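Look for chain A in each of the two complexes below; its partner is chain B in the first and chain C in the second.
The block that comes next holds the complex of A and B.
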């Protein structure tokens, strides 16, 4: 095994651990809606929420990096350039994440001054990490880029997937620099902040996961390079074509010119089209192989990715993407429902798929099977669908009661929060969150013990 | 009330995309399994999708441009599954041959 692949295993272990922190912080955030006095004066809702969404970003990022560090040496036939630096920075990255989490929990917030920006909290959603840690993320991403691009340069061999990946790494690193400015004009600040958040999530990350899924398809189903590269180009072009200017749907209500209503609505409305193609592609890939593979969990999670992306991004997103409708739905639990479903479908399922693939290779298993991954798959997806369903009900209640009929007054806000449909929705979200947490527990146990438990290999051999 | 109708339109738009997805899924399954019942299901789902699209165009308080976009999307959604499938077969045929 290459050193890069050992590093990949560490990255994936860290990613799955942070996934757990995200689940716990998410459960806490959900519980605050049921019992607002929870941890009163000790840990406020906003801190639990920060931990929830920041760990979401970091665990997915670590998962992507782990996947690339796994596939890179196999693709290039050599150890990546500067891997020693990446090994050091992995520990720096983990230490920084831990320190930032402790500061969030213990110090929580500071005054509105430079010291708070540098050492406590930048106060910008998704990128709350203080500047010193944000600089660390830039260093880690810079080295990651150096590993990938330097290796391609050193081998003097460029494959289609690597070309796409290299091009993608430039905006991936450059856009993160948008995490730093502290602009006091709110509209201007949000304008640029969305470049980071939206263009990472709906552009550079989409391309990155596309590359990762291309590698995974070749290993999992033995699909030929020519096929995956052709489809990678097509899907990346379609996703970028609709996703880049889809940025406009975040510009509806932040003080930007009116033309963004048209641009954002138009390009966002096109976003379901490539996702529909992906659904057909997923059925074709799975069907032509009769769902037969040596690694069923990885295949099922990859299928979940295609369908989850369509439902979470396509269906849930399309409901609220036109500006006339978004006026009433934005910032409600409806948006939260869409965010949960889309992140899960577009990225989380893909990272879990890669985790199963890597576990199989690391432990030298011919077949991966057993019953536990099914429990994990079922509980995680049932929990997630239950959560997004409950959030949808709560969000629709907010949109109808607070926004549409109440006129967005404070009194209407309170009426919305007290509406039985909203309250029931938030209760159900918490309960399904517990189901999701149970699924996470099964997932961790399965990944830790696959190939080491008696019965798993036997079961897998009998039922491929 | 305009606001309520817009929010009801949101639900219709969700159904609009969901039915298009159902059409794509059943179309692909029908091609895979060569089953007439699945092919019929795909036609029915696309028909329902069109009914929802017509409902939105006739009833929803959206501007003409948005309604035209929905009609264009429906047409695109009709052709995406067969075109994707045909191209998938083509790339797999030529890809496997050259591999």
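The block that comes next holds the complex of A and C.
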């Protein structure tokens, strides 16, 4: 095994651990809606929310990096350039994440000065981490880029997937530099903030997971390089062709000119197309191989990624992307429903698929099967779909009661939050969150014990 | 060139991306001019010295801000420099207390507390003046921000974020300024209708 692949295992382990922290913080965030006195005066909703969404970003990022560190040496046939630096930075990255989490929980807030932004909390959604930690993320991503690009240069061999990956890493690092400013003008602040959030999540991350899924398909199903590269180019063209100006759906209401209503609405409406393409691609490849694979959990999670990306990112996003609907749905639990479904489908399922693939290789298993992964797969997806449905009910209630009939004032907001449909939705969200947490428990136990329990490794090919 | 040739699709991807990036760059230049304070959509910070309203614009078919006559904030008229300093302070308070991890501005943030885009114009502040005993809307808002537990709104209380008087005044000023930003009609119907719930 390459040193890079040992590092990949560490990154995947850290990612799955942070996934657990995200689940706990998510359950806490959900519980505040049911019992607003929960930890009042000790740890408020906003800190739990910060832990929930920041660990979401970090565990997925670590999962992506783990996946690339796994596939990179196999693709290039050599140890990545500067891997020793990446090994050191992994521990620095983990220590920084732990310190930031402790500061969020213990210190929580600072005064209204730059020191608070540098050392405690930047207070910008998804990039709350203080600036010193954000600088650390840039350093880690910079070394990650150096590992990938340096290795391609050293081998003097460029495959199609590596070319896409290399180009994608440039905006991935550059856009994160937008995590630092504290612009006074909220409209300007949000304008650039969306470059970071949208162009990361709905553009560069989509391309990155496309590259990871291309590697996965070749290993999992033996799909030819010509096919996966053709699909990758099509997906890149469609994702960035629709996603770059799809940025406009975030510019409807922040003070920007109203031409964004038309541009954002049109291109956002097209954004499901590449995601539909990914479903067609996955179903086609799995179908031609009659769903036969040596790693059934990885295949099922990859299929979940394709369908989840299309449904969560594409269909759920399309529901609220036209400005006539977004005027009422924006900033409600409807958005939260879309966010949960999209992050899960587009990225989380893909990282879990890669985790199963890597566990199989590390433990030298010919086949991966058993029953536990099914429980995990069922509970995680049932829990997620339950949460998404409950949040959709709550969000639609808000749109009607608070926005359409209430007029969006404080009293209208309170009326929406106290509506029985909203209250029921939030309680159901918490209950399905518990189901999701149980699924996470099954997942961790399965990953830790695969190949070490009876009945998991079977000699025969897993039948469809 | 054949459709099943990866190079065909690679060329398509590269050209598509370049075209989209060029269009985005042009729109960005135009949008930044519009949203700069004092631009066509975002008023100068000194708008806090004026009366602000949010009314239905029949021509545009949406609610839009209307800037009226003089209405100094906390009894003082701020010049450009003082207004800019006040806004910078207000934004730093909002970031340092992670306000947007409970609230939203222009619908962006978290959804545990109400949207703050037009909070300055909320009809509820009239009632809050009598609750707090304040003589003006801005004083009532500042008193609430400094001691929210004392003036609890409903079961979901706002925690005390330990704002000083200066910080509370800066946040109120910031809220007055954001209420004057042209948000293309967001939020809709603000303050025009009342629910019976």
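Everything that follows uses one rule, which is that the second predicted complex is superposed on the first by the 457 of 464 C-alpha atoms of A that agree within 3 Å, B and C clash if a C-alpha of one lies under 4 Å from a C-alpha of the other, contacts with A are read in each partner's own complex, and residues count from 1 in each chain.
Methods note: contacts are C-beta pairs under 8 Å (C-beta built on N, C-alpha and C of every residue); 3 or more make two chains touch, one makes a residue touch a chain.
Remember, it's a predicted structure, so these values are computed and weren't measured experimentally.
*Asks:* For the overlay on chain A, clash or fit between chain B and chain C?
*Replies:* fit
*Asks:* How wide is the angle at chain A between chain B and chain C, using CA centres, rounded to the nearest 10°?
*Replies:* 90
*Asks:* Pick one for A:247: touches chain B only (first), chain C only (second), both, or neither.
*Replies:* It touches chain C, and chain B stays clear.
*Asks:* With the two structures laid over each other on chain A, which partner does A:187 touch: chain B (first), chain C (second), both, or neither?
*Replies:* Only chain C is touched by A:187; chain B is not.
*Asks:* Of the two partner chains, chain B (first) and chain C (second), which one does A:445 touch, if any: first, second, both, or neither?
*Replies:* neither
*Asks:* Would you check which partner chain A:316 touches, where first means chain B only, second means chain C only, and both and neither mean what they say?
*Replies:* A:316: touches chain B, not chain C.
*Asks:* Is A:256 touching anything from chain B or chain C once the two structures are fitted on A? First, second, both or neither.
*Replies:* In the superposition, A:256 contacts chain C only.
*Asks:* Applying the document's definition of touch, where does A:226 land relative to chain B and chain C: first, second, both, or neither?
*Replies:* A:226 sits against chain B and chain C alike.
*Asks:* Contact-wise, after the overlay, does A:32 reach chain B, chain C, both or neither (first, second, both, neither)?
*Replies:* second
*Asks:* Please work out whether A:50 is in contact with chain B alone, chain C alone, both, or neither, and reply first, second, both or neither.
*Replies:* second
*Asks:* Counting residues of chain A touched by each partner, does chain B or chain C come out ahead?
*Replies:* Tallying touched residues of chain A, the top partner is C.
*Asks:* After lining up the shared chain so the two structures overlap, which partner does A:118 touch, if you call chain B first and chain C second: first, second, both or neither?
*Replies:* neither
*Asks:* Rounded to a whole Å, what is the shortest Cα gap between chain B and chain C in the overlaid structures?
*Replies:* Nearest C-alpha pair, chain B versus chain C: 5 Å apart.
*Asks:* Please identify the positions on chain A that touch both chain B and chain C, taking each partner from its own complex.
*Replies:* 226, 230, 327-328, 403-405
*Asks:* Using the touch rule from the top, collect the residues of chain C that touch chain A in their complex.
*Replies:* 4-6, 9-10, 12-13, 16-17, 20-21, 23-24, 27, 30-32, 34-37, 40-42, 84, 87-89, 91-102, 104-112, 114-115, 117-119, 122-124, 153-157, 159, 161-162, 167, 170, 178, 181-195, 197
*Asks:* How about chain A: which of its residues touch chain B in the complex?
*Replies:* 224-227, 230-231, 262, 265-266, 269-270, 272-273, 276-277, 279-281, 283-284, 287-288, 310-311, 314-316, 318-320, 322, 324-325, 327-329, 396, 399-400, 403-405
*Asks:* Which residues of chain A touch chain C in their complex?
*Replies:* Touch residues, chain A against chain C: 32-33, 36, 40-41, 44-47, 49-50, 109-114, 116-117, 120-125, 128, 160, 182-191, 193, 226, 229-230, 233-234, 236-237, 240-241, 244-245, 247, 250-261, 263, 327-328, 330-333, 335-336, 401, 403-415, 417-419.
*Asks:* What residues of chain B sit close enough to touch chain A in their complex?
*Replies:* 1, 3-4, 6-7, 9-11, 13-14, 16-18, 20-21, 24-25, 27-29, 32-33, 61-62, 65-66, 69-70, 73, 76-77, 80-81, 84-85, 88, 91-92, 94-96, 98-99
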